[in-house]
Each structure stands twice: as structure tokens, then as C-alpha cells.
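Each structure below is given as C-alpha cells.
Consider the two complexes below, in which chain A is the common component and chain B and chain C are the respective partners.
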Partner chain A sequence: MIGLRYRFAEQRGMLLALAIFILMFTLYVANHPAGFTPNVVQTAANKGVLLALVAMAQTFVVLTAGIDLSVGMIFILANCLASYLLVGTPVSVALGVSGVLLTGLACGAVNGLLVIYGRLQPIVITIATGAVFFGIALWIRPYPGSADGFSSDLADALTGKVFGVFPASLLFLIVLVLVVWVPFRRSVVGRAVYAVGSSEPAAYMSGVPVKRAKFTAYVLSGLFAAMGGLFMTFFTYSGEASLANGNTYTLSSIAAVVLGGVSLFGGRGSAIGAIFGALAFRAIGDLLFVFDFDPLWQPLFQGVVLLLAVSLGAARLFQVRNRLDLFT
Partner chain B sequence: MTTEKLDTVKAPRPNWTSRIDLPVATAFGCIILLLLIGSLYSPNFLSPEYLLQQLKVGAFLGVIATGMMLVILLGQIDLSVPWAVTLGAMMASAATAYGPMGEVLAIPFGVLCGVLMGLVNGIGVAYLRIPSMIVTLAVNVVAQGLMVAYTGGFAPVDSASPAMRYLAAGTLMGIPNAVIVWAVTGILAVFLLGRTTFGRAIYGIGNKEAAAYLSGVPTQRVVMIAFALCGGLAAFGGVLLAGYAGKAAQSMGDAYLLPAIAAVVLGGTSILGGRGNYLGTIAGVILITLLQSILSVMQIAEFGRQIIYGGVIIVMLLLYGREKSGR
Partner chain C sequence: MNLAAGRPRGRSGRGIYRMDDAVPLFRMEGISKRYGGVHALDKADLVVHAGRVHAILGENGAGKSTLIKIMSGVVAPDEGRMLLDGQAVSFADPAAANAAGIACIFQELSLIPDLSVADNIVISNPPTRFGMIDRKAQQAIAMAALERAGGGDIHPMELVKNLPLSRRQIVEIAKALARKPRVLILDEATSALTAADVETVFGVLRRLRSEGIALLYISHRMHEIAELADDCTVFRNGRKIATYPAGSKTDDEVVELMIGREYNSVFPPKADNVDRVATPVLEARNLSWMQRLNGVSLTARAGEVVGLGGLDGQGQRELLLALFGVLRGVSGDVLIDGEKRIINGPRAAKAEGIGMALIPEDRKTEGLMLPMSVRDNLSFAAMSRVSRGGIVDRRAESTAIDRMMKLLAIKAASPSIPVASLSGGNQQKVVIAKWLMVEPRIILLNDPTRGIDVGTKQEIYALLRQLAAEGAAIILYSTDYDELIGCCDRVLVLYDGAVKRELVGSDITEHALIASALNIDHQEAVA
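Right, the complex of A and B next:
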């Protein structure tokens, strides 16, 4: 019984995000002129997966009680790079994909090394590395576009439907969770990430590999952000070094992570929660389109819903037994 | 007996080297280095006109960074600065359109809107205990939504009032008014931080909020007021910017969030709160303004500017922003 309550408490944030998502998505589909068809689901899934990947990237770092403000820029860099590398035969496309992912890994590694060995605050240093990453993206892709002979086969396969009903991008996300997140969560390094996020000194005193945990978190963050950028290229067939897009994805990833019940203080939450947070955030944004509202009101609506959602975090005030608990 | 003995022991006089801390000195050193590099490129870099022009451009960032510094000293962060800046600019311009009375009240009204926005942030952080990064992010989106709905998605047609133009673009005895405005803001900030209970409470809360609370500081009120001040100063920066450009524009504040944080941090203020002085923030603002100016004068392409800009911040932080090793 106690075990069950513990499990519920652990997953509460994720379940809340799931509930918000189901509510919003039901409203969305119920009012969509086309109804609940594979095409509607496919479009929604593709947009949601994009943000979900970046939100997962953010989760790894947030779990260590850090924050990565460069995920949006790694995303943009991967997007621009992919618009050059995804050309020609399947073999060269495969090489291109691995090149993009390796770039993401490298960006994450730079962040990790600066945080661990530079002993700098992640929030500041990732702003600076983000500027560098964006500069590189602008260098390789000064104008939006794509390389000649852009190969759209892989892109179509991963953004289409499996057996004509299930969105392939969603399937990809599920596979990613099963292949990366679940083993990570159960591995020594994964536990170390949670330990470091809960209390770094305590983790260090207990012999937890603190540096390895942090480094893994940042590297995985870079990898997932690059995957997001790769998917962006799959949808648009082109790359664009847009500062506004990069910032939007960084900020949306934080919003999604928070909606998904991952604590910004570190050590609590899961990537699965972040995924539902991202899907819920996207569903909220899309809701206005089906309600025939003036699109001008969309940002305000999204902001108010976001504000209300994060205010739910204030519920813990009711559990405070001692005023000093407020300040922890 | 012992008290007499203690009295005779003189406290070591603080000599001038111990009063200047390393980050501020390094930042000023980097400013001189930047000017020297610039003067190799063109002797105009050392002319008083160029330097005054840089101070004028930096004044807008300086006013905004002052507010950001108050919040960072608390150990919090304000991500709602972009739309606080735009809100101030748009609301002040909008008030100007309402006849002579509106023209008089344009500046106070713009600042008031920013204060209200900061107040929402402050209530969320201080009383609802939501992490500042999230509250300010959400408030930023709400402000953006309000402004988009208000302007209809187009650039607003209202233009800045004469007073706003005078404050931002006029000169007094050869000194740009914007620089004077920044100087006055800075003097007030130094007084506030160093000479008032409120300022000392900010440092106390930044070090350990629970300790400040147990010492009788009304921590929640102080945090709320600090956020309101930050919003007000950001909006005031927006009012000045609108006066400088003649009118408000959508997303005019986006370019000020990261430089404001970077200026405060490069000036030696700890992002964890509780440590830092205003002299450092001045140095940080000048440093960032000069860096941006030199990169654009040298006609380096935008991508190169971004890379060098980020690289310089990383190197400077590695020079003196490092935390003590915990082991």
C-alpha cells in the first residue's frame, strides 16, 4: 500500500500532464471539422513529437538541477546541418544523419565540460554556448533553403503513417523511450543523475559518479536536441537559422518540462512526463484554431493557460507545516 | 580590561586593492583591451564622441540591467524582461495618443504597466513560491499575448511623446540625456543597495532566505518589491528605447534579455545571488556594448559576431566566474 502511494506520488506530475493532454486533445479532436481521423492525429503527432524531443533533451539536464538554454540553438544547428547532409543515396543519407547526431553529441559535450570542469553556472554558460551554436548555424545556412538533391525518402517515412493509421513519428518516439530512456533510468548513471539532482554533496559523499552523471546528461541533451532538429528538417525539407525559432523552442522546452512534472530543482520527474507536457502544450496552442477564435488571441490564451498550469505548483503551500519550509 | 585591549587593536585599514574585487577589475581591464584592439583598427575608437555615443547606446541596456541585477542578487531570474520592455514602450506611446494629458502621463504610465507586470512576477515567486524562471516565462507569454491582441499583430501606429524623445535622444551641455538618466538610475541603485535596509535585505535573501527571515526581514515583501522594480526599470528602458527610435515596435525587447543577464554576470554578480556590486554591472554593460559595437564596426558577418560574442563571454566567465571547488 505504501509502495503504491509512493509510486503515485512519484508519477503525479506525469499523470497531471497526461490528464491535461487528454482533456485538451479530446476538445481539439471533438471540435476539429475533420474529426478523429488518422490525418488529424498524424499532423498533431508530428508537431508534438518535435517539441517532445526538445523537451526530453531539456529533461536530462533539468534532472541534474541544471538548465540548458542552448537546446533551441542545438536544434537550429542540427536543422541547418541536416538540410545539407540529407542528400543522395540511402548510404549517404545514413552518414548524414549520423553526422548530425554526432554534432549534437559534440555540442552537449562542450556544455557538459564547461559546466563540470569550468565550474560555471549552467544557466549562464549555456546562453553563451547557445550564441556560438547559433553563429555556426548561421554560418552554414545564411539563407533558408536546402541542398540540391535533398533526399526526402527517409523524411517521408518518418513523418508519414505506419499501416496507414499510426503516425510514424509517434512510433519513433515510443521506440526512443524504450531504447534510450528506460535503460537510462535503470542504469547506474541514470540513478546517479537523479541523485546528483537531489543533492550533489550527498551524492558525492555516497560515492556516486557525479561528473560522469552530469556529463552523460548534457551529452544526451545535445543528442536529443539534434534529433529534434533532424525532425524539423524532415517536416520542412529545409533548414533555417532563425534566432526567434531557437529561443521559442528553448522556452517551450522549459514550459513543457514544467508541465510534465519535472522539478526545476532537480532530481524529480521523468522524460515520459516531459513528453506528455510537450504534447499538452502543443494541444493547448492548437485548441484555438478549432474554436474559430481570432488567431490574435492565441498567444494570450496560451500564456494564461501556461500561467494557470504553473500556478498549480503553488498547491504544495497547503502541505507546508513550518514557515521555514517555504524557503527550501 | 579586555575591552580596552580590544579597542587599542586597530582594525586593518582597507587598502584600495582589497576594495576592488577581481571580477570588476578584470571587466574594466577587458574594456581597455577592447578599446586598444579597436584603436589599432581605427583611431576613432579613442575619440570622446565615439565613447559618448557608446555610453548612450549602453544606457538603455544599463537601465534594464539595473533591474535585472536586483533580481539576480536575490538568486532569482527575470525572463519576462523582453515583453516588459515592449510593454513599457507600447503603453507609453499609446498614452501619448490621448491628447495633452496623455502626453504628460506617458512615461509614468509606461513604467506603471511594467511595475504591475513585475508585481505579478513577484507575487508568483514570493507568495506562491513558484520558481522565478517559470513564473516570469509564463508572465512574458501573457504580456506578449496582451500586446499582440492590443496591436492586432501589426506594428503600433502611435509614436513617442516629445518628453520621451528628449530623455532618450536629447543632450544637456553636450552630454546625451540617456547617459544622465542611466547615471541617475545607477546612483539611486547604489544608494538603494548599499544604504537602505531594503538593499541589505536583498543581499541577505540572496545569501540565505531562511536566515534572512529568521533575522526579521519581511523576505516575501522584499522579493515582491524587487521584482516590481525590475519590471518597472525594464519598462522604463523600453520607454527610452521608444523615445530613441521614435515609436514602439513588436519584439523590440527580445534583444535585451540575454545581454542584460550577461552584463550583470560579467560584472561579477553571482548568479546564485547575494554577491555583486553595481560598479561591476556598469563594467559589464559597457563591455557588452563595446563588444557589439566593435564587432559591427569591423564589419564581421552576423555569424562571426555571434560566435565571437559567445566565445568572449565563455572566456571571461572562465577567467573569473568559476565557483570554488566543492571538494
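Right, the complex of A and C next:
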């Protein structure tokens, strides 16, 4: 098929992230004392999905050529909120989950409205709103913990295994991709998000709904970050307003997005790439444990591998024969 | 109704013909728009009929762009009203104008670089199925629109950013067609097209006209207007000067209406004092690069204007970039004053001993830093000349800048205002002035008058001649044959990355240029 070349070019960033992930994960499993067992995969999946959700959140905004530095804080806020709301009967847990997700949506909506009508740079706005979101998290949960009667049924189901082999969290992620990302990518507003990120003036001139595109991106970002926070709660059965955690998730989400081939200039990349970026980034971090290095080396090692990975993505620049193309 | 909108000497052409036409498709009445204290449009009227091509003429700054922006919903007028089918309309944004059936092909291409050709063509109104974009339908619409616009060679899945400018323009036209407009505005829509593409596009436009679409055609190319237009309206300084049936005025009369003064010959006389024996300032031997340049050799002597002709995309741009050191992996030699030199980038090219300048193709990205001031833009290339020990000497800078602004008659309120706020013609002057600051001996120009008004063109031609007379060697690539004929002492016609033919002096004719551009047999061309 003639279109194949174009389809491949479109997916190149994602495929690179996938390759890095497979390489890193193979190294990890091969050196893990327990080897390739459902339990090892389950643990890796659970940790990976946390970052993958936040990276997906980041992707929506980065595609519009913005950046969302509040995703980590929405994540923390959702985590703290969930530690109170996931209590009692299945019905009240369901209500709690809805509450958490709605909060995420609301946080994203605030970001979106401020970016659209405040006309400030997304980086400035989301630093500020992120601090506010964290402040709220700290206010509702000054000390780590969870409410009395915390229900762990849903948590266990979603962090466990399906049919005793397949990690449920990964299945959840796949469903999310199929139900949210794929339709989004093929919707008019999804197309508009890419258009706005690639060239906002051209998008406006073409009659693309610029504001709706941006708003949708931020709202979805808030929603996915909250889902990440929810999963954090499923994982730990508690909430903690940890500034360090919030910041780490924000910065890791950017790293994952870049690793996954999403352009920080906007308009290029996909959430699927970002997911593989997140899984690869996590696998890189975990490698140290199986090699018995001091955990203190983890940030340094992760940083070096990230640098190498993004350099690999830039390798095509060596083939550029027209120096002007280096800047586009 | 204000019929006396034009200046007294201008003939108000309203109602001279087609009085029978009951309700024009589109009408603007008394439209004004001010930016600060400047009247961009001053009580302008325009009547557009279905099934006719209406040409809008005027220098840059005459108000054409503002007129189009108002029609297409980009800016709102301060006063006046617009009528579509006799009904008053107003557009809040481009989407609203689109919905009313007004499509515009903008001079500044409105394509989205990271989306595919097909994505771009359907962008305003993608076909959907179950709420999602129907890729198959989109592909079909795109292919049909491309076919109609003469872009059947463009793959709908190619990303727009990978296409050369001339193909992007075809995509832009296809995009407008896909919207099925009732009024189609073309703003310098052919400026980047090759002659063959222009013919195709004209065929499309004629068909649209016969289908009853109203076409508004803005172009600086007089022969295109003569070929296509039914009606013409001239604007000057924000006012409508005259409307007349196409062909009822001579070119000179039209230009006089446009510039509002006596029209002298556009091109300055050519000099014939080039020393043909002296060592050429610039010589290239056998330049080759990635199948785009296949052994180009040329010389340029002091005082000479050498033209590069041929169809668009035959290696002219690559040749200029190769000389300027922008391309990597070029084989062949470049000699400056008879000595081999390695030029590995713009910094090396402008250095002492070489003194080369390139006026790039796209002033908005490669020529200027748009948000920065005129002063800063002018100084960038010449930093070493206006600074000492790494510190900018403000006084030396101001003197040099004043001189340049006067020399090129740059119309800017102050050197401190952003370049982005200048008109296209003045922006281009800033690009040229910026490179003249380094006092280059070799000046390469890549289509420097694209989308620029007659008055500014005339000034640029005179300047080129003056620079040549002062001893510069000039290489001029132009897509406009008139320009090559009027400006150049010699023209090298490129075909498929090689010099096909060299035309000297009176041999430079439109016929010879076109024949050799199409690589038609030599004998035939002479005959």
C-alpha cells in the first residue's frame, strides 16, 4: 500500500519508544531474580500505569504546544481526595470515584479557561494552579493516611490480575486507549488539537475551533491526571500530600512524553507513544534494582538514559543536508 | 449611498455596466477600518457579481489586505456594512465567513504544517461518521479537490511541511475548493507557482466562474489580471479609486491609478561597463548536491546582475543556498576573486574577504525576527561592524541604521517598532537593508519581490542597479520573467539542476526564457 510510508513516518516516535521499552524491560526481566512471572509483570505494570496515565494527561496539553506543570499536583489532589471518598458500599465507592474524576475535570477546566481567556503562557498558569491544587491536597490531608472504612475491593480488582496472569491495570489502560484516545484522535476536536499545536494562526484562519480544542486538551489532561491519582490510591490504600511526589510525576511525565515521540513544539505525537515512553522510563529506573546498584544512583542513571534516548530520536538530523532544515 | 468615495480624478465606475443585475452576490458599503491613527480602509465600496472574476489592484498598503480580512471575518470593520444576496451580514471569525460561503486563499498560507495534505483540505469541515472523522471520505474529498486544483501528483497523506512552497499553494487552493465557496478570494495565490501550475489554476478558476462563483483576484502580476479578470477595482491609500471593465485601460493607465503619479519605466537602464576580462568576484565550478544540483558552473563579475531563470524548482534555490554554505555535502568548487574558498555557513559567507549576502526566500522565517524591532533586525548581520569588544556601540549603530532607512526609504514610524508591524514591501526592504549593512560584494537574491507592490519593486530594481554600479556582483533568482528581462545583464536558465542556457543582453526575451525553461530545442526557441 502506497500510504504505508506515511503511516510509518507518523508512528516513528512511538515505535522508537516501544523499542526502548522492550529493550529495557527485557534487560529488567532477564536479570530479575524471579524472572518473567505474572507477579513481576503485575508489579511493573502497576507502577508503569501510574506514570502512563500522567504522561497521557501531559500529552493532550503538549499536543497543543502547551505544557501542564500541574498534572503532578492534580495527581496528588486526586490521591488525597480518593483516600477519603473510596469508602463503604460499592455504590458509595462508585460515587467517590466519580467525585475524584470530576475534581480532575474541574482542575483541567480551570487551567483551560485561564490559558484561553487569561492569555498567559500555559507554563506560568499551570505552575500557579499546580501550587493551588497542592495546597488543597495538603489542606484536606495534612498527614498521610486514609479514612475509616476505606474499601479496598475496587483497588484490589484493578491492581490485581485477570485470569491470574494478565495485570488488570494494564488491561484498564488498554481499554482507556480504545475508549478515549482512539476516538479522540479521530474526532474533529482531536484534529483541532493537533492543528492548534502545529500552527495556531493557520488553525484560526482555517476556521478551526481553537478555544474548544485547547479547553478539551486541558480538561482531558485533568481527567487523566486524576485517574493516575486514583490508581495511586488503589496502590497504597492511602493518600499523601507529598510535594516531592507531585513534582516527580510532573517532570517524569514530560520525560515520558518526549521519550514517546511527542514534540514539545506541539502538533506531533500520540498518547500511545507517551504510554510506551512512560513504561520505558519506569523500566529504566527499575533496572538499577535488579543490578543491585545503590538506589541513590537512580536519578542520575535515569537522566543519562533519557539523554541517550532523546539523542537517538535526533539522530536523523545527521542526515539533514540543508542546514535550514535543522531548525524546523 | 456615497458614490463619491473615490478621489475626484478617479472615475467612480459603479453602475457603469451591468445595471440590470438586480442583486449582486456580495456588496460592501462604506467600509472603514482604522489602526491607530491610520486609515487602512476609508469608506470603501465594492460590488462583486456571481460568475465573474473581479481583480483588486493596488500597492501594498492600499488597503487590499484589510479588505480581504474584513470579508473573511479576520477583522471587524469600524463602520459600513456588508451584504450577501442583499442581506446584511457580519462575521465574528473566519469560521463564520466560511459558513456563509466565503473562502479565502491567503497569501500567508493558512496550512497546518504537521497535518497531512488531506487533513488540511478538509480542516474546516471534516466528514464524520458516528462522530468521528471518516478517513476514507476525507481521502476521497482530498483527492478530488487536489485533482481539480491541478495537484494530482500530491499524495494526500504527505505532511504539508514536507512539500515545497509551490505545492503548498496548490494544496491551499484545493482546500478552498473543498469548501464549495460562493465567493472565492485569492490573495496573491499564484505568487509561488510555476508557469505551468498557473495555467492549471487559471483553468480551474475559469471553470468556477462558469459555475457561477464570484472570484476576487488579488495579484501584482498585471498579465495574470489581463488574462483572467472581468472587472477591476483599484485601491489606493485605503480608498477605492476606480472600478472598470477589464481591458478598458492600458497597463500604464492602471499603474498610474495605483501609484497616483506619473508612471516611469519600471526598470532602470542597464549598465554596460562590466569588465569582462577581470577575474570574476564569484565563480562556481561544477556544483552538485543530492541530484538537485547537477554540475552547475557560473561566474559573476563586479558590476554585473546575473539572473537565474527556469521553471520553479530546477535547483535555483539550492544553488543560492549552496553558494551561501547552507547545504552540506556539496561537491565542486567556489572561487572568490579567483581563489578557492570553503564556505561552510552564513557566518563564513559574510566574513571579510568573501563578503557574500543572501536575501532569503521567506522573509518571515529566514529573513527577519518579526517581533523584534527594525533596529535590531538591521543590526543582526552587521553586529561586528557596530560593536567594539562585544559591546554594541549605540551611536555607530544609529548612524548606520539611519543611513539604511534613508537609502531604502523604509517607511517605519521609528526604528524601534517591531518589524511585524510594517507592510510586506517595507519588511522586504528591511531584509535587504540588513544585508547591505555588511557592505557585501556578492549579493544573492532569492525571489526578492514576491508579493510586493509595483512601487517597492521599482525601488528595489533601482537599488540593485545602483549596487552593481558601485561594484557588487549580483545573482538574482526570480520567478517573474519580466524581472529577469528588465534587470539582468545575463540570465542562466536552469533545468534539472544544471545550466541549460545562457542568455546575454538582447537575447533575454520572454520567448527565449520560456523556451529554454521548458528545455525546448534550441532552434525552435530562436525561430
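The rule is short, and it goes like this: the second predicted complex is superposed on the first by the 313 of 328 C-alpha atoms of A that agree within 3 Å, B and C clash if a C-alpha of one lies under 4 Å from a C-alpha of the other, contacts with A are read in each partner's own complex, and residues count from 1 in each chain.
Just so it is clear, a contact is a pair of C-beta atoms (placed from the backbone, for glycine too) under 8 Å apart; a residue touches a chain by one contact, two chains touch by 3 or more.
This structure is a prediction, so every number in the text was calculated from the model and none was measured.
Could you look at A:67 and tell me whether it touches chain B, chain C, both or neither (first, second, both, neither)?
It touches chain B, and chain C stays clear.
So, A:324: does it touch chain B (first), chain C (second), both, or neither?
A:324 contacts both chain B and chain C.
Applying the document's definition of touch, where does A:278 land relative to chain B and chain C: first, second, both, or neither?
In the superposition, A:278 contacts neither chain B nor chain C.
Figure out whether A:268 sits in contact with chain B (first) or chain C (second), or with both, or with neither.
second
If you stack the two complexes on chain A, which partner ends up touching A:105: first (chain B), second (chain C), both, or neither?
neither
More residues of chain A are touched by which chain, chain B or chain C?
B
Looking at A:194, would you say it contacts chain B, chain C, both, or neither? Reply first, second, both or neither.
Second partner only, chain C.
Considering only the touch criterion stated at the top, classify A:119 as touching first (chain B), second (chain C), both, or neither.
Touch status of A:119: first partner only.
First (chain B), second (chain C), both or neither: which does A:204 touch?
The answer is both, since A:204 touches chain B and chain C.
Show which residues of chain A both chain B and chain C reach, each in its own complex.
Comparing the two interfaces on chain A, one with chain B and one with chain C, the shared residues are 201, 204, 323-324, 328.
Contact residues on chain A for chain B in the complex?
For chain A paired with chain B, touching residues are 67, 114, 118-121, 123-125, 127-139, 142, 200-201, 204, 244, 247, 251, 254-255, 258, 264-265, 296-304, 306-307, 310-311, 313-314, 316-317, 323-324, 326-328.
Going by the contact rule set out above, which residues of chain A touch chain C in the complex?
2-3, 6-7, 9, 183, 186-188, 191, 194-195, 197-199, 201-209, 263, 266-268, 320-324, 328
Inside the complex, what are the residues of chain B that reach chain A?
Chain B reaches chain A through residues 77, 79, 124, 128-131, 133-135, 137-146, 148-149, 152-153, 209-210, 213-214, 219, 251, 254, 258, 261-262, 265, 271-272, 301-311, 313-314, 317-318, 321-327.
Which residues, counting only chain C, touch chain A once they are in their complex?
Residue positions touching the partner: 74, 93-95, 97-99, 106, 108-116, 119-120, 123-124, 126, 128, 131-133, 135, 155, 157-159, 161, 175, 289-290, 318, 321, 326-329, 345, 366.
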